[in-house]
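Here it is: the structure, laid out below.
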Amino acid sequence: MAHGEHAPTQAPSPSAHQHGSDLLLCCEELVIGYQGKALLPPINLQVRRGTFLAVIGRNGSGKSTWFKTLLGLQQPVSGRVFRSGPDVKSAYVPQSSGIDGMLPVRSRELVHWGRLSGWNFLRPFSTHKDRTAVEAALESAGAGPIANRPYRELSEGQKQRALLARVLATEADLVLLDEPTAAMDAVAERETMQRLAELARTQRLAVVVVSHDLRVAAEFANQLLFVDREAPAVVLGDANTVFCHPAFRHQYGDDYCPHHPPSGHPLGPAAG
Amino acid sequence: MAHGEHAPTQAPSPSAHQHGSDLLLCCEELVIGYQGKALLPPINLQVRRGTFLAVIGRNGSGKSTWFKTLLGLQQPVSGRVFRSGPDVKSAYVPQSSGIDGMLPVRSRELVHWGRLSGWNFLRPFSTHKDRTAVEAALESAGAGPIANRPYRELSEGQKQRALLARVLATEADLVLLDEPTAAMDAVAERETMQRLAELARTQRLAVVVVSHDLRVAAEFANQLLFVDREAPAVVLGDANTVFCHPAFRHQYGDDYCPHHPPSGHPLGPAAG
Amino acid sequence: ALKVVTSVSDLAALAKAVGGEHVQVTSLAPSTQDPHFVDARPHLALELNRADLLIAIGLELEVGWLPTLQNGARNNRILSGSPGYLEVFQFIRTLEVPTTRVDRSQGDIHAGGNPHFLYDPRAGLAVARGIADRMIALDGKNADAYRANLAKFTAELEKAIPVWQQRLAGLKGAPLIAYHRTTAYLADWLGFDAITYLEPKPGIPPNPAHVAQVLGLARQKKARMILQEEYYPSTTSKLVAGKVPAPLVIIPGGADFRAGQTYLQRIEELVTRLENGLKGKGT
Amino acid sequence: MDPQLVETTSWAQFWDAFELFRDPMLCALIAGSVLGFLSVYVVLRRMVFVSAAVTQSAGLGVALAFYAEIHLGLHVAPTLGAVILSLLATLLLMMDPARLRISRESMLGLAYALTGGAAILVGDRISQEAHDIQGILFGTAVLVEQPQLIAVAVVGVLTLLIHLWWFRGLTFASFDRTGAMVQGLPVRSLDAVLMISIGLMVGVSARALGALPVFAFSTLSAIAALVLDLRLPGTFLLATIAGAISGLGGYLFAYFYNFPVGASQTVLSGMIVLLALVVRGLKQLLLGRASR
Amino acid sequence: MDPQLVETTSWAQFWDAFELFRDPMLCALIAGSVLGFLSVYVVLRRMVFVSAAVTQSAGLGVALAFYAEIHLGLHVAPTLGAVILSLLATLLLMMDPARLRISRESMLGLAYALTGGAAILVGDRISQEAHDIQGILFGTAVLVEQPQLIAVAVVGVLTLLIHLWWFRGLTFASFDRTGAMVQGLPVRSLDAVLMISIGLMVGVSARALGALPVFAFSTLSAIAALVLDLRLPGTFLLATIAGAISGLGGYLFAYFYNFPVGASQTVLSGMIVLLALVVRGLKQLLLGRASR
């Protein structure tokens, strides 16, 4: 497991040999930032089918910026993002959704939008398959009871469920979720992460999630990406690798790392 | 500790005898909801100085609605909210802030607004005391480094810090925070909760926080309020009382209650 | 009865004078509307649809709005070129016809000449004659009545004109300022001197340098009054009038045909206002 | 004389002359419904004053065409100038205003003021034709000429067809731009289709009916529908119906009460909004009562 | 005659006739700066077309006053009618549009269309006086009467004073309504002060200068400032300056190049926005370069 400060980061996937077909996304010396100013060291990373990657890092470290750059919503400062093919479908839950408070859209209609991709809106009606997928997604995201409610009247957690349902309905290959469970209650959060892990495993999709709940992230994700502006560092690896990395320990303390004796103040921010 | 399903809930404060001076807010048979439809059973509750009350409950159970009703931003369906006096200053961090993405306001300017209350804007300039309080609040919320940044360019977590700083700057008696740490990283979340607990203790304010992180809530709050639409129930008490209440266990499982043997699946949603 | 529709209300008054009880007259534009822009009503479309005769000024005065009504009314009798369509400018001697190849950035709005001729009762008379001829051609059986009405109208007007001229004799050679270039025929009739216009060019609102020039000129030549139609904004005129100083005379844009005003009464009102202006009283 | 006229305009007379009113009423009906449909996008995408901006820009286009002819000796058809400038205004709408830190309405305000002012300045140098600009751009809704009716009908029907066909894509791309981009929808093309159809429809309708009723159809119809808080398809349907009623009903009102047509259509649109507000009020009252 | 006129307008002549221009220039300066200051609220509170709606409502007020006089025999001063109706429009702005599920711009659009249409309908029944409506409401900016100058100066100075004095409260209540309500600020009163000062200032300025420049001052000034991405006080300052420059500079431009005043002021406002966009572009280019 390569990991490093300043150094480009390599992403060895569980099936490193059968590359090509499994590879969905690839960052090459990708530098993200605003107005030409880099936020983080260059990121090198490959995202393959079956991956459940959790992105962690302090506030303002550039996680959301990275997502936007991956999706082409924002220009990179330098470096490149490759998609393995034009038919790789992606889906995204933004950290704060831009859906207007005036829009009289029901959650189910919102989830139906998830079934659109490319030019397939040229088919003016949704198919039976679409409707089945939408109902399944609503069910699976726990959004069944709010399916007929106007989106704008939902509580924040309910809104996140509706957006999650939409992402599930897309049947995308690559799913990027930016703190999808921030407003969800503890039960829903675990259910969601479990569901995503299951999807990555059974449907062979790649799921990338930003989360601030380190334990939940470590429990479900099969890879962690830690980004830090202070060090600066981009660290990729399994939970232990990341949690014991000096840059991580400097930010979050030693308590997450099994190789270190627990310090005096449990879970508290350590001095490094 | 009175707690009950359907039954009105009593709020015994740590200093129940010296009532009057300490009492800040009082809900009397308060029923919250929209368009005349009740969300929860009537709430009876008193909030006193020195309280750190954490509100917990599943998504869509009415926590934010309760806050808005307490602050007079929304009409109750029935019942009343009393403030102990007109000079009780309150401050509020909404779950999703309504600050326009076009507004060219710096975080420090935003925090300065926290110093306004009642008609004191008639003094056109901020005093030295104001400026000291603002700097202290920025520091204490960890928003020092972002003080000069435009609010709209902040990451979600940074925005929450700026809003927290504003609440700290108000020197209000009653502080209501609706998931103030949802977008914050784990370290910042703990720091924030610790800070709030300290404030409640040392400055004798009342702090009411909505949180989905049950462990952190239980650790810092001296009272928990659990609301549930399914039962329906409004349960007030210390962590053990609430965590072992049947309505709570129905929603969150038995694992939070020390009186119950841990079930097979750790932290998972139990069947009730 | 002969159904007659006219574009502006002065024409309606004239048509009524000539046609008397044998015609039913409607005007598309009320006197208060700027005849360059007119907002018609559906029932007027109905009138147009049934009209035997549509009378217009011509000279591009109604070019912005009449063609749509004329062509949309599904009435072949009033299409251009039919006997039921009459443009009355042909009966008068047009003034301000651009002589050189028109430099259109400078010239009047109306490339064919100034169409605001009905302020001059002599033109009104000529037009009435033309209208009578056309009515006779369309409705021969009432020809005598039309001739009689025209004769009566001519007599009245010919009696009134010298009196008006008498009352306004003081205007001869008097320096005047007008708002829009609508005064050519009036000046021709009464002999006053329109030294300059408040609009730098027709249809263009006044600008500061121009107003300063106008004011200078007005003071220098001792302008007697400022003249403008009631459908133009009076703000600037009022201020200039105050600064010259000279009375501001607001003249009606046409006969108030809806209220039953005749062409004679309309010119009488115009003359009265001008007379008051001469006495130093504004409108 | 007028009072008589008013009295005698009856249904009988109306039907007698129906052939006369058929075209303008058909035109008002089509323009009202299609603009009503589009108004949902106009209102929800926060570009309420788009029709004002587009017609102002068209005015500048006409003025510039005259200017080119007079001062530069280039022959440009005024309608071409109008089309070019209003398309430019439409393209402006396709930009993302958030990048410039301004709202879409601000952008429209900028286009409105700048083209309005510039048209007057250019008009100053082409006084001869300045008066014609209004005539070229705006009809009076009383009668329409065949070509205008055809223009409204063709643009209207095409717009409605493509909008119904692409409904799912257009709504998604309009109301959740990020989501649609991520899912690979051709958001720019969809935006272009939407904006150009709004621009065209506003242009041809204003030419036939005048600026004010077009403004009313393209905003008030959706406002009435939104106030009633329906689903998205219901909102579109209701807005279309509201537009159709305003167009047709306004014409009839103008006919029977002898009022200007455009203003009648506008006021009727407004009345429909007020009616919707009353219905909403009643609904809430009933809901509130029922649950106590 | 005209060509000569144009050539001879020089500075010397300008100073000669300065007495004539002093009042209108002072008026444009005051109106430009105060409306420029207010424009920040106008743009950030999403009510770009407020001046259009207010002046349209005032027009309806004048028409209704005439109507009352002619048909009901009540004597209502037309200006009183204008003030009442525009205050009503202002009060409409104080409502929370989100309750009705519509945006503030939609509300303005409703007010604009409804009062515009109604003014035409009412005007139709008072046709003798209808032409006065424009004259009563709108000046031409070339010259102003003493009372209008005084009105603009008094309202402008008072507005600016109260706005500077209450700056902290007004900005807080405007830009974070919930926060201000919770902290016990008199949000409704502050809103009333803001909206009424906007309504009044728009009214008196339009009366002196005309509708188009007032629209430009009250929106484009803030747009120029916002594009430059300054702090809040800097934005207010820059908007004020932009408004002042447009007002005064537009007048001078109109004088020296013989253009209509209002349109010149409007176009100059727009040019300032374009200039700000260029500055923004350069700044970003430099920033982008510098950091590579």
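Here the chain labels run A, B, C, D and E in written order, and each chain numbers its own residues starting at 1.
What we mean here is this: a residue touches a chain if its C-beta (ideal position, glycine included) is under 8 Å from a C-beta of that chain, and two chains touch if they have at least 3 such contacts.
The shown structure was predicted, so the numbers you read here are calculated from the model rather than taken from an experiment.
Trainee: Please give the intersection of the contact partners of subunit B with those of subunit C.
Mentor: Expected: D, E.
Trainee: At what distance in angstrom does the C-alpha mean of subunit E lie from that of subunit A?
Mentor: Subunit A and subunit E have C-alpha centres separated by 48 Å.
Trainee: Using mean C-alpha positions as chain centres, tell me how far subunit B is from subunit E in Å, no decimals.
Mentor: Each chain reduced to its C-alpha mean, subunit B and subunit E end up 43 Å apart.
Trainee: What whole-number Å value describes the gap between the mean CA coordinates of subunit A and subunit C?
Mentor: Whole-Å distance between the two chain centres: 77.
Trainee: Using mean C-alpha positions as chain centres, tell me how far subunit D is from subunit E in Å, no decimals.
Mentor: Taking the average C-alpha coordinate of subunit D and of subunit E, the gap between them is 25 Å.
Trainee: Which subunit B residues touch at least two other chains?
Mentor: Within subunit B, residues 102, 104 contact more than one other chain.
Trainee: For subunit E, jot down the residues that touch at least 2 other chains.
Mentor: 43, 101-103, 120, 226, 229, 258-260, 262 - these are the residues of subunit E that touch more than one other chain.
Trainee: Provide the list of subunit C residues touching at least two other chains, using ranges where the numbers run on.
Mentor: 39, 106, 200-201, 204-205, 207, 258
Trainee: Touching pairs of chains, all of them, please.
Mentor: A-B, A-D, A-E, B-D, B-E, C-D, C-E, D-E
Trainee: Could you pull out which subunit B residues touch subunit D in their complex?
Mentor: Where subunit B meets subunit D, its residues are 35-38, 101-102, 104.
Trainee: Along subunit D, where are the residues that touch subunit C in the complex?
Mentor: Contacts found on subunit D: 1-2, 5-6, 9, 13, 17, 19-21, 23-24, 70-71, 120, 123-132, 134-135, 139-140, 142-145, 251, 254-255, 258-262.
Trainee: In the complex formed with subunit D, which residues of subunit A make contact?
Mentor: 71-73, 89-92, 94, 97-100, 102-106, 109-110, 112-114, 116-119, 121-122, 124, 126, 150, 166, 170, 172
Trainee: Which residues of subunit E touch subunit B once you look at their complex with the stated criterion?
Mentor: Its residues touching subunit B are 43-44, 164-172, 175-186, 226, 229-232, 235.
Trainee: Spell out the part of subunit C that touches subunit D in their complex, as residue ranges.
Mentor: 26, 36-46, 49-50, 63-65, 67-69, 71-74, 102-109, 111, 200-205, 207, 258, 260
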